[in-house]
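See the structures that follow.
Next, two complexes with chain A in common: one pairs it with chain B, the other with chain C.
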Partner chain A sequence: MARTLRRLTPLAGALPLVLLWALPLLLSLAITAASASDTQAWRALLAHPQLFPALFLSMFTGLAATLTALLLTLIILAGFQGTALWHRLQACAAAGLAVPHLAFAIGFGFLIMPSGLLARLASGDASPPAWITVQDPWGLSLTAALAVKEIPFLLTAAFAALFRGDAARLMDQHARAAASLGHGKGSIFLRIIMPQLLAQLRWPLVIVFVYGATVVDMALVLGPTQPPTFAVVAWHALNDVEPAANRMGLAATLLLTAILAMAILTVHGLLHASRDMQRRFLTAGPSALPAPRIGAGIIAVIISALLLLSIFLLLPLSAAPRWPWPGILPPLTGGTAWATLAASPAPLLLSLGLSLAVSAVSILIAVLWLETQPEARDRWLLWLALLSLAVPQLAVAGGQYRLFLDVGLGGKLAGLFLAHLSLALAYVMIVLSGPYRGFDGRYMKAARALHASPASALIRVKLPLLKAPLLTASAIGFAVSIVQYVPAQLIAAGRFATLPMEAVTLSSGGSRPLTAAYALALTLPPLAAFLLAGIVGRPRWR
Partner chain B sequence: MTFSLTRRALASLAALAPFIGAARAEEDWAAIEAQAKGQTVYFNAWAGSPQINAYIAWVAEVLKERHGITLEHVKLQDTGEAVRRVRDEVTAGKPGSVDLIWINGENFRVMKQEKLLFGPFAGRLPNFALVDVSGKPTTIIDFAEPTDGFEAPWGMAQLTFFGDGQKLATPPLSMMDLLQLAKTQPGRITYPAPPDFHGTTFVKQVLVETIRDKALLDRPTDKAGFTDAAKPMFDYLDALHPHLWREGKQFPPSQAQQKQMLADGELLMALTFNPNEPANLVASGELPATTFAWQNSGGTIGNTHFVAIPINAQAGAAAQVVANFLMSAEAQARKADLDIWGDPTVLDVKKLPPAEQALFKSGDVPGGVRFPADAIPEPHGSWVPLIEAAWLERFGA
Partner chain C sequence: MALSLTDVSIRLGGGMLIHPVSLSIKPGEIVTLMGQSGAGKSTLLSFIAGDLEAPFSASGTVRLGGAALNDVPPEARHIGRLFQDDLLFPHLTVGENLLFGMARGPGPERLKMMQAALAEADLAGFSERPPHTLSGGQRARVALMRALLANPRAMLLDEPFNKLDADLRAQMRDFVFRHIRARNIPCLMVTHDRGDAPDHGRILRLKGGEVKDA
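Presenting the complex of A and B:
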């Protein structure tokens, strides 16, 4: 295998990635950007009565959710570092990461809505209280849900950064040096670990921010309605039957992208300008600040409880057709929602097969690239991957749709596969490149010195040592792929009924039991993938 | 002599014409059925209801068995998805991915205007003769737009309200009654925000009940005419909104959510376009058996939903066979059955043979319409964008 690899190097090793992923992605983005010249669409957009309030809501929910998630993540990390629970925290974060956003939003919504579980526990009235929780005009419910849901993602990204290559050992040395200078555990985290960590969390934070400011499905469940967030305004316009409205929706997507980019650059600029202040803070003399153990514990418990409760609530919601106020438990009848789901297992099987294939091919293409290309070339590739995640998904999908239609991939399984691959491979490259490039080359040298062929050195030494990151990357690729709805609808012309396709179309009828049942069904495969990756990927010597 | 013979010949020919026409049509139809055999029809239809999905699956079984046609239900969240797809495919000159589409109103008007539809075909379908075009004029006029045979009627719809009889003893049978109810029960009434289809219909119903000159509604309008004619409508909404859920500053984004809020006890009533949906929801256990439905005493807005064939359909012949079967007494009766779907028929049941009439069951069921009223045709299509824009401007932010 390695000899074939060498013969392919370096051009052919890069070809699958360039042809199947980078090229279609760049073309899609170009097609979307090209549509920016329609002046009439821009005029219609600027005259839209919801433009400014909706934009403000989007920026507010995105920023507030990102900052809240970051702050809570840092407190959790500061409080748990060096404790026995540190490694368990990593497993919990992975499990939380596996929960699909929409599934969480539905459960979280039922928890806090005026007729929801908390209201039933708190109120004894004949009808639900007039709480302004879900769909509050300020977007606070949406912000809270986004913040809670993104904490596992930020924790996972932080763990990946902290354990990368020699980073862990180096940071440990720095921490010990600081401790001998009289710094407390909290001060060490604040002044040694956090600055290095934040530098590594830049892109994950950008992804969280863009996701929060552009999310549509969660905003429809939890977000304000008059006006809604800007992404919802754009989504409605893109879904209109009038081409003029569609063009306005595209303009809205581009405007949102531009404003997000500006916001990110502004934050970047502010951080850069305040370097001196940061340095003064970082070099301030020894402080005995302790680690925030209690605060971190309370936050971790609340976040886990919210995530768990929201998902567990889907069970009674899916089982009972009706849950009349003010019952704490639903009547024990029904199960029709699960019967509907069980009656058509084909979408589940198609989704499982498709996402397994997408995940496997993503890993294969990524390893092929990493084995044959010099590390310097990763840079632009990672930029493209991050860019594709940082651009609102509505914009990427629109361009992809035009492209695939023109080359005859619309309505085809191959088109569906490539569209899924686009997102999955981006995540896989981001997750895998660090650990892969950080691999200590001396192991391979030793293996070769012991007369192992390049192929057997790769298969018997390198890949097994990289088992954990490879499995994590596969699980992420799988989880990202299996919840995709837009490719099946837009690119495959709805001809391939995937599980999310079934879930989204059925949920448009508004049956909560069915929506909850499908949300749970969409939660289980990624959860299983992460658990499996965690168990199989555990180092044998631990 | 020659002349008279010719004249007689002509006269007899003229007398025969309808029969020749019928024979030709029968032959044509047989040819279409033959061509349809073995084709696959991608039927793009909203799929938000398991009952409707199951009904379409039944149609697929029958068509496979009797006509050798494979019917694939392409499940849509929103019909606009398929309209845009057809337009994009036609623009790109690509073969169509849609063979049959469940459609009406705005979507139909756009497709017809942009010449994205195959036809006229509806009048040529044998079962079209059974349709009650005089008693149910909306079967040939879709939101004030003549169908001209570019879509075949499938089912009837009429704006219907519903609530729980235990919490709402007397239903508001007019918009004025509704205002009184909202004043006594603040925060328990609302409607979906336009441009949601149901929300726009609610506002249209207000327009119909408040406008001074109803004759205006059948005619095209412009911004100035609309602003003047709709003033009583906005006066009414301004009076109503402060008493609505969240003081009329927020609205549920969809009918689906409003329905759920009724089931959860947050609201007193909800609305639907399928008069039998409340009965359906009682049957599936989503609403209590004490639920009942009503229509405003002066009549509520009603319309028809159809199936149409895109111009670039790959299985046009089979799509026509499907459309024809959907209009058959057998398929219509099953569709109208409350245990199956409960969608009212487009046929004139009284004109069917007794055996087929018997297929249409009727009777009082929990959740049924206790106060029925006549259907009022939709206002002319030009009113809709003006209503939606004005509503958004006033109440959207």
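Presenting the complex of A and C:
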């Protein structure tokens, strides 16, 4: 009996994760992949008049945003490395990461539009400039917004790589050794730190590129319209009531996935082919190149200012019915937008409730897995989680939509919950598995030796000691869930409305104060979650 | 050229870690500074190399061949260092590690110097190997050759034999001292093991913040 129970435990521990996350994810991808054989859908897609210009736009915005974000991130790291501000930069990056993409895009739009804050600051009393700054035909505003928003993510990923295990100490010693060989700080960054760092930033860069080339909500707010990006073309087709258009949308997501995969392989091939050139650069000999301190400082200030202004601008805009030109800020005459939001709180409450539930269930499922499965099994799971982040969300969501319709979950709250869980659990597993597996098992042995049962030792010793990573993972799960737009919009099928859905709808010509209020309502809960995780998660014994 | 310290003292927060010390090391001379862990030996080397960081602060003058180095950045001091760990760069091959600090110049000439250094370290044919495939002793030899190929005018050794086993330690000690003497450069080595010191060399002891002849 006891043996049977012991065998059942690993199975029971794995089942929730497999049934609620892995299986739906794999089936969704399989459904999208199966659309490859739908010749009619391909014919319709190839005949689409916006196919090639939209594809070009998607690739341009994705690549340009990724390269810009990477370049600026590297300059910031090179300039701040070894300074007193290094650790403060880490905290700033984490704060920037907590700002939702969609809310930032809305705020950024208010900042750069012809009648926006920057134009008011620059033009004085003159009339608004006749520039096309938002939804420009080249996708430049979308590219800029993506680049700015991804810098905190890349910085956070870089810090995670630089502070993993013994890496920080080793990197510092390598830098000292390189300095004794005649290399200046800039040269040390380029020849020692950057090559080792880039090797660890491959996945984050793939995620940034795929996200940038396939993002829908930001593209609907800031992206061009004639033609739109290819992700938006696919999105409209997936949302179409016509089954034929719907199938074409699925084929479009598959085409986008294939082209992105080819682009990534091409970049990989180019880097491989240029290996000799890279080697020559690395071993060219000592260079006194200094660290780009001033450049890094200027870039950090500009990026921080854009992020802060975009979010803080939402505050006065949400509290004022009008923003007459050329006033720098709108007159604060009342909070009618907030009153409207409060009068119909369903989207806010649904988003909060759903995200809290998704976050809690994600943690529960992840802990169940980590407690009952051997560490060796994490590998395939983490690969699957990374795959779900590296594959365009549209491709997963398109398949998921068809799958949920087939099993009767379309337009149901349970379907909406699972759609949110898909991405949130992937992030939770990636964030939590390292600290959880790294827990010193001797504490549990000590607790057991003091007559604690396994459950008691888990609840009274292990979980409290892992409080910080558990709360961080919960906050990430919550933040990822609350900003979900693509899968939620498809699965909700018009029966439910969440904050991102309302915000996107309003941003295309709706009331400016209400749009700002929804964008802020989308920003504040994740920020509060991260703040709470930071405060509550702080160990008492340090 | 000689390496000299004049009235060098090091403070940690409000307290004195090393009281003012002056010493001069002649070209080709290897001076050993002994002391227990935490005495400040490595901190003194960091000051000489130019990368002393907070919470430490220092005063006094470091000179190499008569020229003061205090305001010279670490990379321009021409002081080679060996650390407790070999610190070979893992993303570069053995040969590339050697080329890393070698002065810029015609490629074939640099390659020839690199191959000659490898042969000198009994590692001919190892240039394409990644560092992690080498044994501890081989890696230590590469680290020394890398430092020497950068043409240092002085050497600082920070317990470089600490992590080697007894047999290897004796071999490596001879190898390092032979090459440093051959280049006729001053060298300061810190260690807590008297057995690491060269025979007939000057030995100093750092105790209670005072540097004295042992």
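The definition used in the following text is that the second predicted complex is superposed on the first by the 397 of 542 C-alpha atoms of A that agree within 3 Å, B and C clash if a C-alpha of one lies under 4 Å from a C-alpha of the other, contacts with A are read in each partner's own complex, and residues count from 1 in each chain.
Criterion: a contact is a pair of C-beta atoms (placed from the backbone, for glycine too) under 8 Å apart; a residue touches a chain by one contact, two chains touch by 3 or more.
Everything numeric in this text was worked out from a predicted model, so none of it was measured.
After overlaying the two complexes on the shared chain, residue contacts for A:325 are found with chain B alone; chain C is out of touch. In the superposition on chain A, contact of A:510 is made with chain B only, not with chain C.
In the superposition on chain A, A:115 makes contact with chain B only, not with chain C.
In the superposed model, A:16 lies in contact with neither chain B nor chain C. Ranked by how many residues of chain A each touches, chain B and chain C are led by B.
By the touch criterion stated above, A:177 is placed in contact with chain C alone, chain B being left untouched. When both complexes are overlaid on chain A, the residue A:53 reaches chain B alone and has no touch with chain C.
When the two complexes are overlaid on their common chain A, residue A:335 makes contact with neither chain B nor chain C. By the touch criterion stated above, chain A contacts chain C in their complex at residues 173-174, 176-185, 187, 191-192, 195-196, 199, 279, 282-286, 288. Of all the residues in chain A, the ones that touch chain B in their complex are 49-50, 53-54, 113-115, 127-128, 130, 132, 135, 137, 220, 224-228, 236, 239-243, 246, 321-326, 333-334, 336, 340, 401-402, 405-406, 408, 410-411, 489-490, 493-495, 497, 501-502, 504-514. On the chain B side of its complex with chain A, the touching residues are 42, 44, 46-50, 53, 72, 74-78, 80-85, 87-89, 92, 94, 97-98, 106-107, 110, 187-188, 193, 195, 246, 249-257, 259-261, 263-266, 284-288, 392-393, 395-397.
The touching residues of chain C, counted against chain A in their complex, run 49-51, 73-76, 78-81, 83, 85, 87, 89-92, 96, 99-105, 110, 146-147, 150, 152, 156.
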